[in-house]
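Consider the two complexes below, in which chain A is the common component and chain B and chain C are the respective partners.
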Partner chain A sequence: MAYWLLVQLALNGIATGCLYAILAISFAVIFAPTKTFHFAHGSVYVYGGYFLYQFAMEWGWPLPAAVPAAVLAAACLGVLVDRAVYTPLRKHGAGVMEILLSAFGTFIVLQNVLLLIWKSDPRTVRVPEGLKNGIPFGPLTLTPMDLITVVVAGVVVAGVAVFMRRTRLGKAMRALENDPEVAVMVGISTERVRMAAFFLGSALVAVAAVLTALDKGLEPTIGVNALLVAVVAMIVGGVGSFSGAALAGLFLGIVENLGIWQIPSEWKSTITFSVLAIFILFRPTGFFGHRVARYSE
Partner chain B sequence: MNYVLYVVSLVGVYGILAVSLNLVLGYTGILSVAHAAFMGIGAYTAALLLTGWGFNFFFTLPVGLAMAGLVGAALAASTLRLRGDYYIIGSFGFQVIMYNVFLNWIDLTKGPFGIRNIPKPQAFGVAFDTPARYAALTLAFLVVSVWVARRVGESPYGKVLRAIREDEAGAASIGKNVRRYKISIFVVSSMLASLGGALYAGLISYVDPFAFTIHESIFLQALVIVGGSGNVFGSVVGAAVLITIPEMLRFLDVPTTVASPIREILYGALMILFLRFRPKGLLPERVSPGVGR
Partner chain C sequence: MMTREAFKWIRPIRAAMCGLVALALAGMVGVAWAQEEFKYGAVSPVTGPIPQFGEYFIRGSQLALEDLEKTGWIGGKKIRIVLEDGKNDPKVSLAAMNKLISVDRVPIVETVGSSVVLALGPVAQQNGVILTNTAAQNPNIRKIGNFIFSLVPLADRVMQSTAVHAVEGMKAKTAVMLYVNNEYGRGVAETFKKIFEEHSGKIIGHEIHAQGETDFTTPLTKIKFANPAIVFFVGHDNELGYALKKAKQIGMKIPWLVAPGVFTPLSLSIAGDAAEGVQAADYNFDPVAGTERMKAFGKRHQEKFGVLPTFATAHSYNSVTLYAAALKAGARKPAEIRDYFLSVKNFDGMAGPLTFDKEGITTEQPVMRVIRGGKFVTLK
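Up next, the complex of A and B:
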């Protein structure tokens, strides 16, 4: 009996983990080339969900129109944050710390504007009948929404991998990540790549937000945990490795859900952070990628 | 009048918290998003010992300070070795976990209901139960905190902290044990934050987890940035400005569901604008002769 329960929890974990994989990639797409610790990414995520709510529920658009519109709107919001806050500071010679602090300020502003517009009550988006109903597979159940999440995550991971390897823009992003000075020397426009990174990352985080909104509904506070998951997955996966980030996201989802077997679900983010702590202590390079810790001194 | 004195106490409490954060953020260049968690440790320690064990408020302080100091040492020792921006994730994660502890360890903290009816401090037959007396108490502690922070920050030790902020490798290369400096200043800062938290609990008379979220940590950053990072008096000025201006909203007859987001938008925006147009803050850091930049 307990055996099937574990399998069920692992399956749930895979669905959650696929969502986390998208979150992780969306953060990494921005962080890797721009080295901006975009804390307000968590707010862009929440806005993505609320845009969908606004379009689909308040304005009554059909989902096939509302979903792309929400993703596009969130992508524009991400670019706007960079253009309005980070870029002027950077051009003014601000350091990493000042930019990070401004990201916190942006997070606070966006979060509270959201409260003024949509209030703090939880919101749900109506979905087609049956999308959230479990389909039994022997002793196990899965919802169509879980399957959609897995498929979307697969498309995102594959799409980003192809984009980074095959397109000029993707290659420019990787060049900027590896060596910004040489990238500029060979004629890559830093500003264009930055905008593309913020656009793509914000669009991807909105995809995760849409999946969340359709499945579990929205609350204004969900951004902090989403951001924590994204950052932890990126570090556990190894900074600079998109597939590593995706795998780590999947791993986190599974660990969290298996944890529910023994640990009440309120402690989910504590599990997430413990995974990070263990990784930093024992495997500072993450699954793949560069070292984030040092042992000298 | 009582209301004014309440605001004065609030400024005192947040002055202490801002001074504490300034020691790590302003002097040493360590970004912490976990100061609300240390504030919470102080507040909950005081609240629990006062209500559950009948401690005197002033005897809860050493306990809370010791707890915060130990936790701060552990956090600093384990996360400050992370390179560059990554250490921020350590304090971010710690903040999220502590909030979860306050919220979900219901047997200890009563979870979302919080701990109510916290008695006012008493000592030598004097109860600090009027707004005037409480304001005097917080201001006295503020003066002590400022004195401590000045002693620490403007000493040779403080000059090493600034050297670490400006050029960590340089400080290490002239033989300074950077790790030890960072951990020790983080411990001092955590303890001061815990003191601020205990005074906060005494002032408000109840604590609940929602006072110690990451938003609160960012608010403390705004106090330091607006006041002037690296200047202890700046932090007090920052607290005075950012506490009193939004309090004016109370007189404009806006409902709290609107007033509290507006208050937060105000300080978030001020933080961004100051970083862009006046990064040194209202009272810029004063560097004494002999400290090269």
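Up next, the complex of A and C:
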């Protein structure tokens, strides 16, 4: 029976890891080309979930309409944060620390605005009956939301990979990430790429928020954990590597779940940060990326 | 450049301005005198992991103030709530408490959360300020001092009937405890374990979750495979809702027993039909099937805020109205208010008659309830 538990934990880990992979890619899509430590990304994540709640529960929209609307609204919010906060600061010559502080401030402001609009009560989004019950396989159980998360993560990873390699905008984002000066010299519009990065990253984090809202529930404070997981996965995956971020997200989810096989589950986040510490000490380039230090220069 | 002509106007203007400032100050003093009021402090988690308890306080105290206003306050003098956000964090709450005592000079402070009550209690005792607890259950609260009053029964009393119900009512020989990682969770779980094992039950495992946790997949998976007779849950109402929802998703069929005050309308709204059959130790306050007064309070709360009130809302209402009763009886200093609280017998509270024992803990006894058809049904 104990080994079935191990298998179940591994399956749970894959589902959790897929969600982490989406979070990691969403952060990496913004951080790699813009070099902005977008702390308010955690708030955009929470807003993505609350937008879904507003559309589906308060306004009664069907889920097929509410989900894309929530993703779009969160994407616009991400762009708005960049345009209203980071861009003016950057134009005034703000450095990494100033941007980081402003991002932290924006995170707090957005969280308080959320409390004003939706209050602090937890919110849930009603899901169709078919998604509520697990599917048993002998002693194991898979939930429909786990399966949906795995499929969505697969689509997101493949979609981002194709976007980055095949589209002009994706190539421009990679060029900006590799060498901003040369990218400008060859005529790439940094402003346009920044907007695209914030739009895409915010849309992706909203996808993760939608999955969380449907599977678990919404609290105003869930953004911090999501952001931490995204950052850890991005670093472990290797800064600048989207496939590395996705793989690291999956890796973290599985390690977190298997790690608590014989110890209480409260140690999950300790395991996450232990993985981060090990990577920073022994493999600072992560799975596939560059040294983090390069980005603070 | 200013001329000599211009200078001659400065003195009268300055005099006029001084006069105006003096008049304004006198007016302010006059207004302050006319609006003298009683203060009621609160350190409540308006934000942080359990912000719903901040809302429970705000709603309960608001309804209490409305009722006091209808009856002409305290000889015409209002009670003003001075609310500080403690975030359910002992350090933040301590700073808020010190501000309430030294700056606002409140004679009484209401709060919730075992970790917070255990942190604020000694400060209240040292400064001779009343501290009322409207939701915390850690049994160590009893030992803090004679300025601390609990409007909810503590775990040492409540767990007796809860653990006995587990063994005799639910016929459980084994249990796994799932509790929140703070003073409240640990205090209640340890007390339950002691009494459950004294009655020949056996705790075969425990899982701990963070405050405000929404993802219970991992601890519930482990509990499912441990296969105890019951799951004993200690935490907050939102956490319980998420846990029950996930338990149903992963096909867990083990019966649940829940610590007092955890199961609220919020848990039910999150868990939905996954809450069916859950048994819970609970307080007397029942806005649906309780006394006519409780039902009227429930209806009024529902109309005003769109949701049914919780036990914590009712106890916040009680705490404010009890303070008002003490003021009406002539108590002004904290020591006088304390003596009034201790002398009260069967105070007409919203959660039933309220009497404190000599240690300042309510004598209320919990009741056992079960969720049937989406409603709380009291077990005989």
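Please note the rule applied: the second predicted complex is superposed on the first by the 289 of 297 C-alpha atoms of A that agree within 3 Å, B and C clash if a C-alpha of one lies under 4 Å from a C-alpha of the other, contacts with A are read in each partner's own complex, and residues count from 1 in each chain.
Definition applied: contacts are C-beta pairs under 8 Å (C-beta built on N, C-alpha and C of every residue); 3 or more make two chains touch, one makes a residue touch a chain.
What you are looking at is a predicted structure, and each value in this text was computed from that prediction instead of being measured.
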{"item": "When chain B and chain C are modelled together on chain A, clash or fit", "value": "clash"}
{"item": "First (chain B), second (chain C), both or neither touched by A:105", "value": "first"}
{"item": "Greater residue coverage of chain A in the superposed arrangement, chain B or chain C", "value": "B"}
{"item": "Chain B versus chain C as contact partner of A:132, first or second or both or neither", "value": "second"}
{"item": "Partner chain in contact with A:235 - chain B first, chain C second, else both or neither", "value": "first"}
{"item": "Touched partner set for A:156, first chain B, second chain C, both or neither", "value": "neither"}
{"item": "Touched partner set for A:264, first chain B, second chain C, both or neither", "value": "both"}
{"item": "Touched partner set for A:219, first chain B, second chain C, both or neither", "value": "second"}
{"item": "First, second, both or neither for A:245, with chain B first and chain C second", "value": "neither"}
{"item": "Partner chain(s) touched by A:276 [first = chain B, second = chain C, both, neither]", "value": "first"}
{"item": "Which of chain B and chain C A:8 touches, first, second, both or neither", "value": "second"}
{"item": "Shared chain A contacts, counted only where both chain B and chain C touch the same residue", "value": "115, 119-120, 264, 266"}
{"item": "Chain A residues touching chain B - in the complex, by the definition given at the top", "value": "35, 37, 85, 88-89, 92, 94, 96-98, 100-102, 104-109, 111-113, 115-116, 119-120, 224-225, 228, 231-232, 235, 264, 266-267, 269-270, 272-273, 276-277, 280-281, 291-295, 297"}
{"item": "Parts of chain C lying in touch with chain A, wherever the complex brings them together", "value": "46-49, 51-52, 54-55, 181, 206-210, 212, 214-215, 217-219, 221-222, 225, 238, 241-242, 245-246, 248-251, 266, 269-270, 272, 274, 307"}
{"item": "Interfacial residue positions of chain B with respect to chain A in the complex", "value": "29, 31, 33, 78, 81-86, 88-89, 92-94, 96-97, 100, 103-104, 172, 177-179, 214-215, 218-219, 221-222, 225, 257-258, 261-262, 264-265, 267-269, 271-272, 275-276, 279"}
{"item": "Interface residues, chain A side, partner chain C - complex", "value": "1-2, 4-5, 8-9, 12, 16, 115, 119-122, 124, 126, 132-134, 136, 139, 141, 143, 145, 212, 216-222, 257, 260, 264-266, 268"}
